[in-house]
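Dumping the structure here so I can ask a few things about it.
Each chain gets a letter, A, B, C and D, in the order it is written, and its residues are counted from 1.
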Amino acid sequence: MNVLGKYKSVVSARSTDKEILKASQDGGIVTSLFAYALEQGIIDGAVLAGPSSRPWQPQPFVATTRAELLKARGTKYNICPQISMLKEATRSYGLDKVGIVGVPCQIQATRKAQLYPIGMRDVPDKIALVVGIYCMEVFPYKGMQLIVEDHAGQKLQSVKKMEIGKGKFTVITERGNVTQLPLKVTHKYEQPGCHVCLDYVANTADVSTGSVGSPDGWSTVFVRSRIGEDVWGKAMAAGCFETKPIDQVKPGLEMVTKLATEKITKNQKTVDERAHFGVGKALRNPYI
Amino acid sequence: MAAPLGQYKMVLFARTTDKEILRGAQNGGIVTALLSYALDTGIIDGAVVAAPSRSKPWRGKFDPWRSEPIVAMTRDQLLSARKTGYNISPNVMMIKEATRSYGLDRVGIVGVPCQIQGVRKAQLYPIGMRGVPDKIALVIGIYCMEVFPYQSIVQIVEDHGGVKMESVEKIEIGKGNFTVVTERGRTIQIPLNETRDLEQPGCHVCLDYAATLADISTGSAGSPAGWSTVFIRTKIGDEVWKRAMQAGLFETKPIGQVEPGLGAVEKLAVEKITRNKKTLEDRDFIGTKGLRNPYITT
Amino acid sequence: MEIFTEHVNGIMIHKITIGHIHESGCTGCLAALMDNYQGIFTILDKYADLVYGLTLVDVRKIPKMDVALIEGSVCIQDKLATDEVREVRDKSSVVIAIGGCACSGNITRFDRGGQQNQPQHESFVPVSDLIDVDIFVPACAPTPEALRNVCVMTYLLLRGNDEQKALAGMYLKPLMDLARSPYGSKASFNTLMQEVINLGLCMGCGSCAAACPVRAITMEYGKPQGLRDLCVNCGACFSQCPRSFFDHELMEHHEQIMGMLKAVMQ
Amino acid sequence: MGKVVEISPTTRHEGRSKLVLQVDDEGIITVGNWISVTPVRGLEKAVLGKPMEQVPKLLSRVCGICPVAHALAAVEAIETSIGVEIPADAHTLRVILHCANRLNNHALSNIFTLPDLYIPGTDRKINLFSPEEPMRSIARRIQRIREIAQGITEIAGGEAIHPTNTRIGGMYYNITSRAKQKLTDLAKEAVDIVKTQMDFMIAVLRNFQRRDWTEIGGRQIPIPRNLGYHSEGYLATDSLYGTSSRTSVQSWDPDHLREIRPWNFYMGEVTIDLEDSTYPIGGTTAAGTVVHPKREATNAIPLYNGRPVEVGPRARMALYQGFNEKGTIGQQVARQMEYMTDVHEILNRLDTLNTSGKVLTDPIPPGDGKTLAWATTEPARGTNVHFVRVREGKVADYSMIVPTTWNFPVCSKALSGAPWQLAEVIIRGYDPCVSCATHMIVLDPDKNVVAQNLIR
């Protein structure tokens, strides 16, 4: 079971764009890649998770300028229905080369929209760049609000950044105080749909990136498809990123493999248990 | 085939002695007479009947031939519901409301056999009929060979019959004909095989002609003009009929004497049930897979 | 056995016969197929002969054919229609129901007769209620790409080499299972609720909201909200959802398959 | 006495219909009956009681090749009934959508009719599916026109087949400036292709008009000069988009509308006694079959001032641009001339579109159920009328008179005088859409006349 999926290369990288790095989650890979692609006309817009009327609730939107891209930085760790805007991008937004960023299930949805475009007319050939981000699980908005406001005792409006990593759920507020929760506490609030997910590092993306495996401020970037290789190559040539070989950084690829194996084993067990959830009756398994 | 005419304690020819009712009745005026008697004596405190539609205009007007169920609580309302238009009036629709905003406790209802089946199912399987089972006081069934969607009636009368709906006095189906009588006295007969395809498809799977589950069921078949053939089927039916007879509500004749007699009713019942059983079987071969058959055969 | 090859050599050009049967539909599905534009000429030049289709060719009686594309639901009160559906099953080896009407009844689920000049035409059923249908292509209107993919894969299933047959089988299997599933012919937003959300499979990706052809679905706090008073029972939301059916092994080779499909259409 | 022949089903048009023709001894049609045999989906009954927002989405699915016509007519009729005005930019988007769908339909009608016509100067009919030239380049050009038309419909309407962007009170999304650029580019490209296609089609039609025979089933059938002539009137409510019961200048009067059922228009029971197995492909109905057109027909018969009327491109051009050619060829030529109208209207409207303008009015009243409103659109095939009464947000009454429903009786008249083998060429002149035409019930015509049988 290759938990990391197929990839052409993997490297630890960080954007060279200071402005992006200021508020990026880790290495600013996603924002920089899209900024570069937009500039070069590789894409003419991208579906991203942007701000909405509620604090820390993301809402998918179609960004067509650098300024709009910058608004979407930072992971929100709660559900953002990216694909709901994928078709509209090709309709009233009139785009022909659409970029999209998403967690692994959303990347799977994108690929299904390309291979089984049941309700996605004229979308398959318009998807120009698919960037995946690592994902262990996602919380519904109210679940995340509960974790931050009750368990971490912070007001959502005053939160500057959230991080999940090294077994901790870390909340950092604008006025600088930091609260850390053991991940164990947050498990029950996770979105149930995540517990059948067998993909940690967005195996089917063109490029997938996440903090795990790289030092702080850097990201571990997998280049997977031909398109990914092409765009990443051009971006590197244009000096958008500084990189280090993955085997020269701590904690390195083993950490990514460890977490991926952990997630996929745990979820595969859930999938198997669903087969005999009732008495002689199974919960439907979507995987063929 | 189970007894085509169902179980019954007694069957006879009858006609109401109430002249006012008889004048506008379809046949012997049995239904209206029984319900109005039951209303007067408190056996029921209201009845669901099919009356000319007041809520559904057609072509800008209320067509008297388009029927719609009402909860009748006065004799006049019952009188307004005498004639049958042979088009669908969803009577069972009002049976729960009768016990709700109408506040009734002893509900009478008249209906064609499928509607009587509906009422009995409401009593035995009251899935969505809270409070209804015990409030059904008198169930009167009328014989039925088939029913038409309203637009079919319009098409038969106006196209096949060449007559405007507004000028129709009476519609009658019997002896192989769809008969239209106009107010100015003309009678037009349209052979039933011409109207066959315009019938409501749902009727073609019905296996009950003479409302076998009713307390009392009545219809013109088998009886002379102006009379009805009446089956008394249940204990309640028996009681109500006896009290009505004592009150001199009906003239009756024993079944044996008058042509064409019970045989005619049985012939029609067998004809309908046989034809519809065949439709049920055909439904198994409409495609290479059958269409669902609702009837549970143990 | 490398079944996910991108190159297309080795496809024997040995055409299949294909027909379009119009039942109680609106020809939107045929229009969707024709909306493959130049691709239609590639299909008709290299892979398939159109042997029946009242809307396009003058053939008046249904011939034997390899693949029958049926569009529209079937009026069970119209003998012509029910006879024709049985004849299609009898004369074609693969029957594909295309579009919401043929797969799940679509808007004809709302029909209830009572209209001139045939008030008794009141019951319309999806094709798979009457005959065994091999493949479903749901949605109203189905997309040109979905129709093209299914047609190409069906061609490979019938005429491809072993690898191509295996790939086609893998690709078509979920759409074949859908045709035989208890919920396939009754698909609507209900199905998405009952078979995905209620089973704890929904992860709020939004595919259903995008696929819905009547904008009945919005996302509320990351979960689909379907306006049942707008839903037309076309099944697009359920089939597009990655948690209705998903084959990891197939999807991981999305690049090669997309490449192969493009090459086949050159 | 003549014979009766039946061509069933007819081909190369939308939906399922058949022809029952009384012919004289030379095979010339004396009485033609063209009837729809598409099962009645009864959508006008199905929408009763449904929320008004769903109705346009259901009725768009009356037809898959002219869905925009029904979606727009439904939305505008409901808006008229509840009394709501939509923003100007929403109306602009609707007109663009409407013209794009017309463009697609004109191109589709070319696909249906070209196989009847000849390459000028030859005796070779135009089979669009054959790979040889010039057929392939004609076919590619038609498909490119459709690709542009469907592309515009997709951007402005949300979906190429069955628009998703239209709603009561305007549209869901206005398009972005980039999308407007894309539409302008597409429309600009269309101007030249459409001009070439129009000139080509008119040349082919004129060539067919000059021919004196056409080959059908291996035999040379003479083409009469008055092919498809009829002496009925025309009806068009607008030269391009459409009107409604609240438009200031009324271009037609629904009170003059009479609707009768096929019972009073078509033949009664007849036995087929002329059979021709060579009629392409598969022959005509077997002799001895008993048919009953007036009971089998599923379409109804609208009359305007008591007479059938022709609707469609020729009717529009005749009433608004003085076009005076009669017959099937005249009809087809008028249809090709409308190519130009559609493309240039799209370009004009795009210039006036403000992509940051509001496209949805607010609030949307629920309707008092009193006003029986109607709205017409003028899609490719002719006047499409929707009547509606909305009460408390629900549809209380609904009726549609669809272009091909108007044309069924007129075309039946136009069949007379032509050899029966050309009957299908005549009906294709109307570019019929039979699934649509099976939708017409009588809404408020208590003035309905039980007409004597008009023909016997």
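Following the convention adopted for this analysis, a residue touches a chain if its C-beta (ideal position, glycine included) is under 8 Å from a C-beta of that chain, and two chains touch if they have at least 3 such contacts.
What you are looking at is a predicted structure, and each value in this text was computed from that prediction instead of being measured.
Under the contact definition stated at the top, the chains bordering both subunit A and subunit C are D. The interface with the greater count of contacting C-beta pairs, when B-C is set against A-D, is B-C. Across the assembly, the mean Cα position most removed from that of subunit C is the one of B. Rounded to a whole number, the gap between the C-alpha centres of subunit B and subunit D is 45 angstrom. The distance from the centre of subunit A to the centre of subunit D, each centre being the mean of the chain's C-alpha atoms, comes to 50 Å.
Chain geometry summary: the mean Cα position of subunit A and that of subunit B are 67 Å apart. Shared interface positions of subunit D, defined as residues touching 2 or more other chains, are 158-160, 261, 263, 441-442.
Taken residue by residue, subunit A touches two or more other chains at 88, 121-122, whereas all remaining positions touch fewer. The set of subunit B residues touching two or more other chains comprises 151, 155, 197. Every pair of chains meeting the contact definition is listed here: A-C, A-D, B-C, B-D, C-D. Residue ranges of subunit C in contact with subunit D, taken from their complex: 22, 24-32, 34-35, 37-38, 40-41, 44-45, 50, 54-61, 75, 77-78, 80-81, 106-108, 110-119, 121-122, 124, 140-141, 213-215, 229-230, 232. For subunit B in complex with subunit D, the residues that touch the partner chain are 59-61, 151, 155, 158-160, 162-164, 197. Against subunit A, the residues of subunit D that register as touching in their complex are 154-155, 158-160, 165, 173-176, 178-183. Looking at the complex, you find that subunit A touches subunit D at residues 44-45, 64, 88, 90-96, 121-122.
Looking at the complex, you find that subunit A touches subunit C at residues 5-6, 57, 60, 78-88, 102, 105-106, 108-109, 111-122, 124, 138, 140-142, 191-199, 203-204, 225-226, 283-284, 286-288.
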